[in-house]
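All chains are identified by letter, namely A, B, C and D, in their written order; residue positions are counted from 1 within each chain.
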Amino acid sequence: MTITAELEAVAAALTNNADELTRLDSITGDGDLGTTAGKVAIAIREALESGENDTQALLILCGKRIAGTAASSCGTLIATAFLSAAKAVGDTEGRSQLAAALQAAVAGIQKRGKAGPGDRTMIDALAPAAEAAAAGISSGTQDDYLQRISDAARQGMLATQSMTPKIGRARSQPERALGNPDAGAVLVSIALTAAFQAASGVLEA
Amino acid sequence: MTITAELEAVAAALTNNADELTRLDSITGDGDLGTTAGKVAIAIREALESGENDTQALLILCGKRIAGTAASSCGTLIATAFLSAAKAVGDTEGRSQLAAALQAAVAGIQKRGKAGPGDRTMIDALAPAAEAAAAGISSGTQDDYLQRISDAARQGMLATQSMTPKIGRARSQPERALGNPDAGAVLVSIALTAAFQAASGVLEA
Amino acid sequence: MQKLINDPQHLVAEMLDGILLAHPDQLRSLGDVHSIVRADAPVPGKVGIVTGGGSGHLPLFLGYVGDGLLDGVAVGDVFASPTSEQILEVTREVDSGAGVLYLYGNYGGDLMNFDLGGELAELEGHVVKTVVGRDDVASAPKGEEEYRRGIAGLFLLYKVAGAKAATGANLDEVVATTERAAAALRSYGVGLSPMILPAVGRPTFEMPAGQMEIGMGIHGEQGIGREALGTADDVADTLLDGILADIDIRQGSRVAVLVNGLGATPAEELYVLYRRVHRSLAARDITIHRRWVGEYVTSLEMAGASLSILVLDDELTQLVDAPVRTPFFEQS
Amino acid sequence: MQKLINDPQHLVAEMLDGILLAHPDQLRSLGDVHSIVRADAPVPGKVGIVTGGGSGHLPLFLGYVGDGLLDGVAVGDVFASPTSEQILEVTREVDSGAGVLYLYGNYGGDLMNFDLGGELAELEGHVVKTVVGRDDVASAPKGEEEYRRGIAGLFLLYKVAGAKAATGANLDEVVATTERAAAALRSYGVGLSPMILPAVGRPTFEMPAGQMEIGMGIHGEQGIGREALGTADDVADTLLDGILADIDIRQGSRVAVLVNGLGATPAEELYVLYRRVHRSLAARDITIHRRWVGEYVTSLEMAGASLSILVLDDELTQLVDAPVRTPFFEQS
């Protein structure tokens, strides 16, 4: 199995949503998340162009390239997520592999960024997705499975609208956050939806 | 003879015209001539308060006090004028004394400031006054004599309206000068008129 | 946008090119012009000190690479973190075998990249320790020091760490002394006008004339609140009181003081602030052993200033007095 | 008015008070706090160098009093001349018997007050000579050098004169070398935004966004003309071409370069300018032997920059390299 199509879809989704991510990051942050998303997309495409298609090797390549170019908080955490996921995918396969990868990504981000669930970050989209992936390993069709993960990320993202930021730049402007989803959570939701849409071909957006 | 009344009149005229001098200095200069005029007035009053009434000693005292406080171009040149005039008044008396004092003041200012007649400076008011004082030593009443000097200063001042500045800050903004008299020339005209008004009591303003 | 720049995208690279052309005897870049070390790195036997952060704060960060201060710097884009790869690259180049101290300010992106860079460096056998500057008392209340930002006080940590490393101390000793200094250091600032990010082209925030932001960060981050701009003496009192409320400085103490300008505030004004701080500390029987007044950590063309105070013990006193020579700063 | 000041009337006195409190080991004032000399004045056997001028230009003038540079300064109010009395007072204090050089910029009030002060000093038996900085090529055309203003290049004259005097040279020798440097020195600047005089409270002139004044003086005096603000490289080319059109610099020459910021322009931008100047001179086979990039002569919070070039001979090369130590500037 390879994940090149999924990664291509993620890159495309990041490029297409750059302006919206910048807009959201401007509300409580410094408005550079679209730039970061663009850099991540380029790094992913460069990794794909190497011709590598082993999943683990490809995840490492993506992680290193992202670390080498997208140095903002979210960019560095995405790099960490790829590198952490890469370590986890080696041991398993199929749904277990996906669930392990997502859980490793969450753990890596938490370790690197010191934020937890409820702090209004990308974790609030990624952690529910990882939980859904672990919970659904043995039930439903593949499409249902991916849809549930995707939905969990989206619900988690929407829940950030009522969360107070506990970390990063947004911490200094808590009152501006309410009513808007966290920009990093939106990025995660968009990326996972795009990846699973590419994987299943039928996922509802 | 003493000149305390004349000096008091000069100080009063400078204080009263400070705003107008600032306005004129703002057109081509840096707009501080009113401040300088105020400092000169205070220096003159302090010199008068010393009780000194010998003309030469009083002029030296004024010159030193002005030099110690009013350090702008015009202030320093006024100090120079007082000190130069003081040297000249010793040798003569009456109209000759006045003519010599004014000529020494012009010479002192020219030596210190390196400007000549027609350069659009205070010299263009003071030099004609000095010439009138020298020319009129032996003709007319005292009031006529003083009026002629006063008129010469005023005519010289008015003539600066059509002169192009050759010196000082105004040099860099020649086009703004035309149609306005030079601020330093106005100061000279005002000061001489006030002095001679005090001396004669009947001078036309 | 009243700036002397070419394409904003190339500003940082061109600025670095200019600095490297100007000071080739003191600085050199690695493969990437954004990764810079002192020309003679690694200094044999000496602990290497690496810093990094966004551009737009000169002399911070790059300006403090040199004799008696830092060994290398990873330079980010304007107000943006450097990458972990740069940090790794610089670490390799400055490690003489005595280990490396990472010393930088508490900002999310910088933390993550230094941590990641450090992990990669450790995989290659480098011993790396980290001290993070969290001197800004306005950025989080007492008890939440963990969340405080690093601002101009970072210069004082560089001074201490650089001087300590220059004595030949080992990595643990350099870390211990630097941590002691960090615990004895507080800063507090005020912003009077916004800066313009070259890539954005308009002011990053609004600041009505006659207002000031107390406790504003060096990227324009919100502080304690916006108030009517007071006199210089009022502002000095606010800053000093804020620091003294956060750290107990005993009568008879010696301190080092930094009155820092953010970019557009003239040196004349900084000395008016210094004057008040000097007299207020003297009245409390606190002696200013050494002071720096000027632009040490800036924020592009922002107007404003900050006060930093480092409470000195005997060792710190010696270390702040030690000589320094970098392209941006000399002290003899 | 976004300024950290108290009463504008007291700004200069308070600023001086702050400087004297901060640097008592290096500076002391005479009766009047506006008249300041190096703490160890007069230096036995050394020619004394006295400067002076208006406030608002720090580090100019006061900031260059110290080892290897100047001996005393008469400080005026903001943008206003000091008095002849101050100049006399400072002259008395710095004359070790070796005579005194007056070295300052060409402004009407300063000229008159230094001349008057010098005459008074000579009456008291001091030997005084004068060299006036007229480095700004924009302020009068070739052939009218007499009328040119002194701007940032003055720092280079201080450097040369100070180093020459430190060698123990006599007054005539110091004058001759300083005059040679003045003849080999040119500056040219650009203004991007106005300054605010504290006593006035509003900008001294209008500068629409996207415009610049080529050749503007350090008090906002009009220059060659107002143009659309170009790129940093364009501005650097304009400044360099203006200087090269005024002074012939042969291939193979060595020069010293000062890229000076006027107050609000970040150091980052100054290095982008430096980069272009460095490359352009290199292309003409002209070597920059030494350079200073930063705020050396300011104009309160004005944005803009100037370029100064001093063509070096063997002696001037040695003199610009000599060490300096003042509260505002050190070079080792």
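In this section, a residue touches a chain if its C-beta (ideal position, glycine included) is under 8 Å from a C-beta of that chain, and two chains touch if they have at least 3 such contacts.
Everything quoted here is computed from the prediction, not taken from an experiment.
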Quick one: how many steps at least from subunit A to subunit B, stepping chain to touching chain?
3
For subunit C and subunit D, chains touching each:
none
The distance between the C-alpha centres of subunit A and subunit C, rounded to whole Å, is 33
Please work out the Cα centroid separation of subunit B and subunit C, and write it as a whole number of Å.
57
If every chain is a node and each touching pair gets an edge, what shape is that graph: line, ring, star, complete or other?
line
Looking at the whole structure, which two-chain pairs count as touching?
A-C, B-D, C-D
In the complex, the residues of subunit C that touch subunit D are 1-7, 11-12, 14-19, 21-22, 55-56, 58-59, 63, 190, 192-193, 207, 209-210, 212, 229, 231-233, 235, 263-275, 278-279, 291, 293-295, 298, 300-301, 303, 305, 325, 328, 330-332
Can you name the residues of subunit C that touch subunit A in the complex?
76, 79-85, 108-109, 112-113, 115-116, 139, 147, 217, 219, 221-222
Per the touch rule above, subunit B residues touching subunit D in the complex are 30, 32, 64, 67-73, 75-77, 79-80, 112-113, 167-169, 171-173
